[in-house]
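Below is one structure, written out as structure tokens; the observations come after it.
By letter and in written order, the chains are A, B, C and D; residue numbering begins at 1 in each of them.
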């Protein structure tokens, strides 16, 4: 083991990626019955990971070349499949994002999941996720990436299905798993194609070879498209986008962690990971651009029609992922990654805020939350507004900068239709996010008698002290905390603040991250700038574009205000007047129904039925017949008289006979 | 002149059979003592197989070849037998008065299969197949309280006999075409004759006998019934050890064609696709977990066939690796079933509810085993599928591989049903806790480690299987 | 004279063939199991005759000994032991019989097609040693393993029959 | 005529008849009888190839011999399973069997 301690970077990397695994094992094996201890172990592991990730970032921030620790996994002499660690700006950044959000979400879960019977299990799965995600992020080879990619999917299945008592949760978990696996078929095939055609699954090698045109272009296009199928599945792109809203059946922190900030971004991450490889195939890029655009527009429309608070953010996640794919596919490496970063922050924020509302009001419906007095929960309300502003791309929140970056890339694209789509998307995004905000903020009628926990909380005495304490600790606390009167029950004093703290931290991140655009750009592109030829021009020179984008966002907000916010607004929205369109949007453009019908009819209903019927008659029939015999038919060997075995044999003989006949003729 | 050393593993199993024959003559049957003896003897059997793994040579006037290929499979067989015997501590499915015969037939069956993988002469192959089949017919028919499943034995017997009739008929055509019964000569002559109908029909008919053992569509018809109707231990044995022998002999026989006949390959492709699709689709609706695994085994025969029909060395190696993987994964699943249903009844999926509380270790073993079967990394099943698909893609069977992948996804659905039952469901009525003795515990831990280790570090195993595949055609 | 013997041989051959096929038909079609066994005996005897025509008296005798002498007797015993079996003569189901007939016809036609369409080539050097001594020698040399294994097979069969049919000493059913 | 193809055709016919029996007989012993017919078909093949094609006349005969031996073992096992089944039925269902007679 001494080799491990000789190199602090490697030590940090190993600690960073394997501690969560250790914690999962410890929780599952030893501390299943001690929920508090389990959560502390898990949080301890992930916070160590966070520290290690920070250390790695600081240590390696100025290293020019990517740092790689790897051992090759040889299947045959001519095939290299590396495993180990790869640190370059992209993976370091993503590692940090994962560590930060995992940490915050786990802390938040202390409050949100408090008292849940499966508390230990929940933290074990969280650790499993953290481990898988981090190992995926630092993978130096595509196969390692794929393996952990699947493990991430497994963790997601387990976490979505966490509320197993709910039938729909189990279904959603399965749907998510199977649907993403559907995309992974393509991914896996792409990898096999690459192994056979190129022989090296190292990411660095792949990227370099693709740029040096050492791989034939048809191979790049084919494998890039296949690999992109994986992105479609994981990042919920069209047509596999419907699993993500359903995945919201899981606990809200899970949605925040997996289904907005990290796991679903894995697809986009993978895209940017082998960006030069993709970039070597214009066809693949064009298709990715189209799919990203379709996804973004479709899911934005879906978000306009739902009243479920988590669903809105889920659709929004899908649309923002589509937006990232657009940015990347249009050639904006930095723009895509930057939006990924900022989005991770503000979308996690949005989800966690929604989680507080859901926790307090036991409802996912934003009308209920509004009526119940959601506006009185000041911290989450303000934080959520900040998040929504960021999402809408309003200055000076982080979303503004990253959206501008992508818009800039799109504007540089010769065909302006993508830019128009982007602007339309921005308008819709602002509209649906503020539709939600205004519905909670300005409910038509506050139902004060509605029984909910929050009422009790408000009457607690000691909240002021808590808040003061918090104000003293958090520099910007004054902006959010003043006069608010939320609280918590006696004895659960920490519960609310476990949930509030991560919100405040994420809000801060959302507020300041945008100003680090240039240092991030330098960091990300510094070493690869010559490779990508830079992405100069975006943001800076396009004042017209800037104004257009911001005004789109503001217009969306204003529109939402007109329909939902102003006094005496109908709160119905224009969609209510277009019932057909609303039905279309609310039913997810019937994608789900189409897929299900396709699956049900074609596969389950058709083939399985045929086989089942055959099977019943043929195989079960024997037993049925036999049971009949024992009951009353009284015929010896009646199971044979019904001819089941022989019907079976008949099929076999006929099949072989036909084959023989075929060879004769 | 005779190098008896080469024959030692088989001789050892003959010895074991003799021991149990003697024990079966005792007036009183003592299950515990028989179990101890069986465990010790079969454990030594594994050791013997390991020690003789590097032997090479020909015995019995070139009718019997000992090489890496055969020894690898012998090791797998010995291992499978040992594992199955190890789980026989509660042999409730078999009348306690017949335990000695149970072990006797099991060991003779293993012996037959060991000879099957080494035999390089058609008559020897035929006799070995029949020897093992007869033992299996008897083992299946042995189940106690068979009122519900009385016809299982006869179904197995009838289908098996018909298939073996096909096989003999096919072998007769092969004999007529090539005038020899020696595999080595057959492999020289036969590829040049693949245009003759009799040669290819003979091969297909002969293969159908082995497809029967492998439960490949359309020779699968016995599998669900037998899996469901046989005693749990016997099902385990059929699902693990006997599948190894079937894979070995199918690889050998498919190799006869030398890849000369495109039609033949097409036939195998079709069989493989049908097998996968049929197995996976029907498995979805199963309630009895053994029946579910039967359909899954049909599907897996299809996956294995993908590697075999590539007809390259890498393809055969991948199929061998897949067989190894299948042995471990499938046994892991069955071991859990055996331990939960320790009174020998047939387990329904819903009876797994809350398993993760009753026995976390078994639940984990089951989960890993099922994930392996579904081909999820980083388990050994993933590596197996990867190798098999890679071998097929190398030969350009893209459609086949895509269908295989889609099937793997479908299969995930029903594996998840089982995993969900084990991990996420709560039992309606509390089931009694599962008794897990220390042998089972250590075996479970070993299996878990093996499934992950062989999956993550397959290089040595791949090298081994490739060497074995090479020795197939020397 | 020569012509006569040849014609006689011809006639005898076809008679044997006819016996075989007729026996086979009787073994398959009648619903009474006793007729089936008699048909089987007939067919097997016919096959033994064919073996004689194929130049091997030894195998023909073995056929009579093993099949007719052992297997058929065993079957008769089984019929006796399971007495009600022959009493059952349920009606046949026409669709099943038709399907079975079609499938087996298909199979037989395919096989006949195979045997007719294949260019069977005799070996370059044909041995002429038909003696039983050679068979015995080969059994002890080249087919040594098989010879030994079949004893194991028979052992399994005997043991299995005892255990399964429930005549074991330990089983007092 | 006494040629190879005559024998092969007879063998195929026997095999086909055997198959027919296996597929349509309801009596288990009848099925077993049919399986014996199939094996005999294969045996005729071996003997015919042995007579007309093979280099060594002994090989085909030996194979035939062994197939016979195996057929005997198979019949023994099959009959014992059938008998076991029968005993089971009788022990469960004597009453019914008698009722049916009446």
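To be clear about the criterion, a contact is a pair of C-beta atoms (placed from the backbone, for glycine too) under 8 Å apart; a residue touches a chain by one contact, two chains touch by 3 or more.
Source: prediction; values computed, not measured.
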If you tally contacts for every chain pair, which pair is highest? C-D
Could you put a whole-Å number on the gap between the CA centroids of chain C and chain D? 6
Taking each chain's centre as its mean C-alpha position, how far apart are chain A and chain C in Å? 68
Counting in whole Å, what is the centre-to-centre distance of chain A and chain D, each centre being its mean C-alpha position? 63
Can you give the whole-Å distance between the Cα centres of chain B and chain C? 32
Any chance you could list the residues of chain D touching two or more other chains? 11, 15, 18-19, 22-24, 26-28, 32, 48-49, 53-55, 59, 62, 66, 70, 73-74, 77, 81-82, 84-86, 89, 92, 97
Return the residues of chain A touching two or more other chains; collapse runs of consecutive numbers into ranges. 630, 635-636, 640-641, 643, 646, 649-650, 653, 656, 660, 663-664
Scan chain B for residues touching two or more other chains and write them down. 123, 127, 130, 134, 137-138, 141, 147, 150-151, 153, 158, 162, 169, 173, 176, 179, 197, 201
Based on the touch definition given at the start, go ahead and assign the chain network to line, ring, star, complete or other. complete
Chain C to chain A touching residues, read off their complex: 84-85, 88, 90, 93, 96, 99-100, 103-104, 106-107, 109-111, 113-114, 117
Any idea which chain C residues touch chain D in the complex? 9-10, 13, 17, 20-21, 24-25, 27-28, 31, 33, 36-37, 39-40, 43-44, 47, 50-51, 53-56, 58-59, 62-63, 66-67, 70-71, 74-75, 77-79, 81-82, 84-85, 87-88, 90, 92, 96-97, 99-101, 103-105, 107-109, 111-112, 115-116, 120-130, 134-135, 138-139, 143, 146, 150, 153-154, 156-158, 160-162, 164-166, 173
Listed in rising order, chain D residues that touch chain B in their complex are 11, 15, 18-19, 22, 28, 31-32, 35, 38-39, 41-42, 45-46, 48-49, 53-55, 59-60, 62-63, 66-67, 70, 73-74, 77-78, 81-82, 84-85, 88-89, 92
If you look only at chain A, which of its residues touch chain D in the complex? 630, 634-637, 640-641, 643, 646, 649-650, 653
Given the complex, residues on chain A that touch chain B span 28-29, 32, 73-76, 146-147, 150-151, 154, 157-158, 161, 164-165, 170, 174, 177-178, 181-182, 185, 188-189, 192-193, 195-196, 603-604, 607-608, 611-612, 615, 618-619, 622-623, 626, 630, 639-640, 645, 648-649, 651-653, 655-656, 659-660, 662-664
